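Labels A, B, C and D are assigned to the chains in the order they are written; within every chain, residues are numbered from 1.
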Amino acid sequence: MLPDIQFLRPEVPVRINRVGAVGVKKLVEVERTGKRPIILISKFDVFVDLPEEMKGANLSRNFEAIDEVLEALTERPVKKIEDLCLKIAETLLNRHEYATKAEVKMDSELILKKRTPVTARKTQEVVKIIGEAVVWRNGGRRVFVGAEVVGVTACPCAQEMVKARVREKLRKMGFGDEDIDKILNAIPLASHNQRGRALIKIEVRDFTPNIDKLIEIAKKAMSGEIYEVLKREDELEVVWRAHLNPRFVEDCVRLMAKMVIEEFPDAPDDVIVFFRQENEESIHQHNVIAEKIATMGELRRELSSYERKV
Amino acid sequence: MLPDIQFLRPEVPVRINRVGAVGVKKLVEVERTGKRPIILISKFDVFVDLPEEMKGANLSRNFEAIDEVLEALTERPVKKIEDLCLKIAETLLNRHEYATKAEVKMDSELILKKRTPVTARKTQEVVKIIGEAVVWRNGGRRVFVGAEVVGVTACPCAQEMVKARVREKLRKMGFGDEDIDKILNAIPLASHNQRGRALIKIEVRDFTPNIDKLIEIAKKAMSGEIYEVLKREDELEVVWRAHLNPRFVEDCVRLMAKMVIEEFPDAPDDVIVFFRQENEESIHQHNVIAEKIATMGELRRELSSYERKV
Amino acid sequence: MLPDIQFLRPEVPVRINRVGAVGVKKLVEVERTGKRPIILISKFDVFVDLPEEMKGANLSRNFEAIDEVLEALTERPVKKIEDLCLKIAETLLNRHEYATKAEVKMDSELILKKRTPVTARKTQEVVKIIGEAVVWRNGGRRVFVGAEVVGVTACPCAQEMVKARVREKLRKMGFGDEDIDKILNAIPLASHNQRGRALIKIEVRDFTPNIDKLIEIAKKAMSGEIYEVLKREDELEVVWRAHLNPRFVEDCVRLMAKMVIEEFPDAPDDVIVFFRQENEESIHQHNVIAEKIATMGELRRELSSYERKV
Amino acid sequence: MLPDIQFLRPEVPVRINRVGAVGVKKLVEVERTGKRPIILISKFDVFVDLPEEMKGANLSRNFEAIDEVLEALTERPVKKIEDLCLKIAETLLNRHEYATKAEVKMDSELILKKRTPVTARKTQEVVKIIGEAVVWRNGGRRVFVGAEVVGVTACPCAQEMVKARVREKLRKMGFGDEDIDKILNAIPLASHNQRGRALIKIEVRDFTPNIDKLIEIAKKAMSGEIYEVLKREDELEVVWRAHLNPRFVEDCVRLMAKMVIEEFPDAPDDVIVFFRQENEESIHQHNVIAEKIATMGELRRELSSYERKV
């Protein structure tokens, strides 16, 4: 029989918080009611903890846990990626009898079909969807689902400064203030704009967030949607709209927060939600980010206290 | 005068936990007693929080804060990267009068000179050094220093199985058990081995961890050091040693923990320390990791309870 | 009507060799006889050249060309990725009437199912498949198909040095030369081993290379296959075999060359073939590579002149 | 004595075009007249070819070649990175007596100091500098030097369409054509803009291209320079200028070509030059590129034939 040195006592017997594998790629089939199932290449990270008296975790069990769950799903495809992550985490805990905790993270590129805004041409878009599950031996669990989308953001500050200088120039050219206001209201003035990435993750607990809704919120929070194909009329529209809608990273995060509150009224107050906006600044070599983490209850209080004041 | 719309009231007045820039590259000069200063290209991430009544953080202040500190250092180069991060975080807090918190992360490639193990040829090695500082308006602070190094790890489990099968083969060939033991003790048997990356971060609080020591501990925790140049005698030695010293990711993390306890006896019990080992498995497409986070006090208790038992 | 400034005369009227888009992701459905079609997320790079009298290429036509071809395929899925690339390149040339050349590159992760070597467990593996097509207005064309796979490589040189030192040790322990030879032949000695990536690209011209065959050749050329799941018996086998089969990057490239000659006897002499092996050295921070480019005719001559000598 | 199996006859004796190491990082000191030398972390790729009768290249010689040259330079720092690459390539050829060719590629991040356009604040910028050298046993050689810089590019096409629609709107608002022209000339209208990367590589042969000049040309060819710190007045200026200066990727490549001809009148006609512009489109998920390769003679003819026509 082959020796199994994972079960030996380690030389330095301290507890390990996490041991596992990162970047395990698997085909996952997700069912959609009334449509062909989606097939995803998903990347999994899977971890357990390890008590001080064991030298090693038997990591092949991690892959078996993923595979067992995925195989079982071939008969009956999963409906939600968060259920898939939870099921894998539970199977991990079953197979690592010494662990007190199991964690699964999954992300996947999803290709969505959409149409361009003016000419309604078909085009495809890549979004990232995310599932996370942690389960504890004592029965606790924490599950998240999320999405990250790419859009365009235009800077409100630069545009406001351009406007001030344009106003001054128009005055010098002899235009009256009323005309200038009319002109400035009619024109999308220059600003710097760039690719942004909006991320939302929301806890799944006693309510079911719809991932399509998360994708929609993330897109709407930026200055505009982006497209792989744009006919000239579409391109004009995308640029025009984005410049009527300039937003800081802070604005994007706040708008996501507001829309999440509005769109998920049945989410319990203790559900945790996380927002992140990252902009690949066109006038800098660095990126700019904003992040917010809160419970739905906290968000609701922050927003309602504001509304009372107004 | 140019408009400053950051100070406007935002449409959705919720607090932002973090707003800032990531990937800001700067030259940093670090002083070394009795040697030429080291010049690093350092990558900074800098954040503050933002109250609900402000539309945007004035991000140019972040870069000014970094620059102000770095410029001030040209007269008197910094001695420790953790001091640099702390100083920048404090300057951020000064410049963002509305923020309650400022965060700075810095990492940098450092090229170290060393000699090969047998022929003592000069060679260079790249390690990553890390500094982190968070300061709160109320006077709180948390500062970390860290290092990540690359080494080789050989798997103890695969080697043990190879040994079992070799033992069997030698028996069939007619060797006696005593001879077999002698042979197996004399020979570095095959195992899978791979690049590993060991990371340690330790809190800086009422004691001063030496970063060279962290680098040394991280290297020693793996199966062996690696080198850019290896003469044939050196290569033999590196391979031989690594296979006499096979280690799981769990072993590497535990050995780092043990060495940190031994090497920093003056670190207070409430100092936090974090360890991570990642192996780029040569027999898999995925990587394997182990992580541990604990206070020095917890680590000391875990280890001493073990020693009492033994 | 919207202005179309691409057709303006450029300020600096020099010819552009390549203008286009990189990283366009699309769903591609590939038909397989008797099986469910495979759905791939493919990444396309598409280029045309541009004459000196035109300011810009109308890039939206590139995406339309891809989409037109992909849409046409939804009724009748493509059977070969090289045909897909060729069809897109031809459509590009049709749509850019001013271009003399159109280029398409495509790569895609493909997940293959396989079984572990001893326990025959099901597991999945990621390989990269590649298609390339260039078409010229004058009727010329050049089409390639390729594959890149990950495997394990063990170093023959380090192992040979380990063997020499083991031999010496066994002698000192009193073993005779005959016994030592028997022992050394029975034992997989240590060497450094690491993830390797083998790439083959072959021209498609008057013969049809099978992409599954390319994948198989690339795998066989390394010291061993790797697997995402390995039961203990499998892991032993993978490590054992790889160490009986140590190979330099040069060896891998040469073995691919030999197998390509043997497996594609009907490939014409003027077909170009390219090989590349990259090893992520476990004892260095850098990677090691070997590359060969030749026609099938040149390869055949190199190999036959050798065989005559032997 | 240790066995040296590289010198064995390979199993499959075909010639290898390239064998070597990629990603070797080294400290390099570059001398500047009248200033402190610059210290760079440079990444080297080094290759030789290998005849069919040798099993392996002795790769440790590659690192020795780099080190030998770098060590020799510590007494007398190199003045030009192209000389450094050439010197290393020649040393490689000396050390690999069986090779007919040796290749060296080097790139390095260089941090430059500059000032913002209005407030003249000090800031730092990262550019990439590149050196390449190939030397043949028969005395041939080919040496390149290059630079890649990041800037902002605004799209002329989208801006022109915005202008057409603005014109129409102003007409409907009752403005006369003369007023409209005045307004449109005074105002930087919206367009999409994004980070661009401009790359120039030029052959070094019987003339000495100045790398600072290449950096300057690459920057000027885009719509505008970018900065890590921008005070509000600076940001306004950067955005304003970029929108008065909209450019396609094709424009950037062509302007680089024109400026190279103008700035290097003493470059011989057979010197090869390569240009590449890549834009990280803010309204797409893909990037857009343009490339040109030509000799200086070809470029001169293309441009002069144009000027004759004009």
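The rule is simple: contacts are C-beta pairs under 8 Å (C-beta built on N, C-alpha and C of every residue); 3 or more make two chains touch, one makes a residue touch a chain.
Being a predicted model, the structure only gives us computed values, none of them experimental.
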Equivalent-chain rotation between chain B and chain A, CA atoms, steps of 5 degrees: 180
Homomeric contact chain C-chain D: same or different residue positions, threshold half: same
Contact-richer chain pair [B-D vs B-C]: B-C
Distance between the centres, which are taken as Cα means, of chain D and chain C, whole angstrom: 28
Chain centre separation in whole Å, for chain D relative to chain B (CA means): 33
For chain B paired with chain C, centre-to-centre distance based on mean C-alpha positions, whole Å: 35
Sequence positions of chain C contacting 2 or more other chains: 2, 4, 24-25, 126, 157, 161, 228, 230, 232, 235-236, 284-286
Chain A-touching residues of chain B, taken from the complex the two chains share: 2-6, 10-25, 47, 50, 52, 55-57, 59, 156-157, 160-161, 163-164, 248-251, 253-255, 257-258, 278, 284-294, 299, 302-303, 306
Contact footprint of chain D on chain A as seen in their complex: 125-126, 150, 152, 154-155, 157-158, 161-162, 165-166, 169-170, 173, 175, 179, 182-183, 186-195, 224, 226-228, 230, 232, 235-236, 238-240, 242-243, 280-286
Of all residues in chain D, those that touch chain B in their complex: 2, 4, 24-27, 39, 41, 60, 63-64, 67, 71, 109, 111, 121-124, 126, 228-233, 235-236
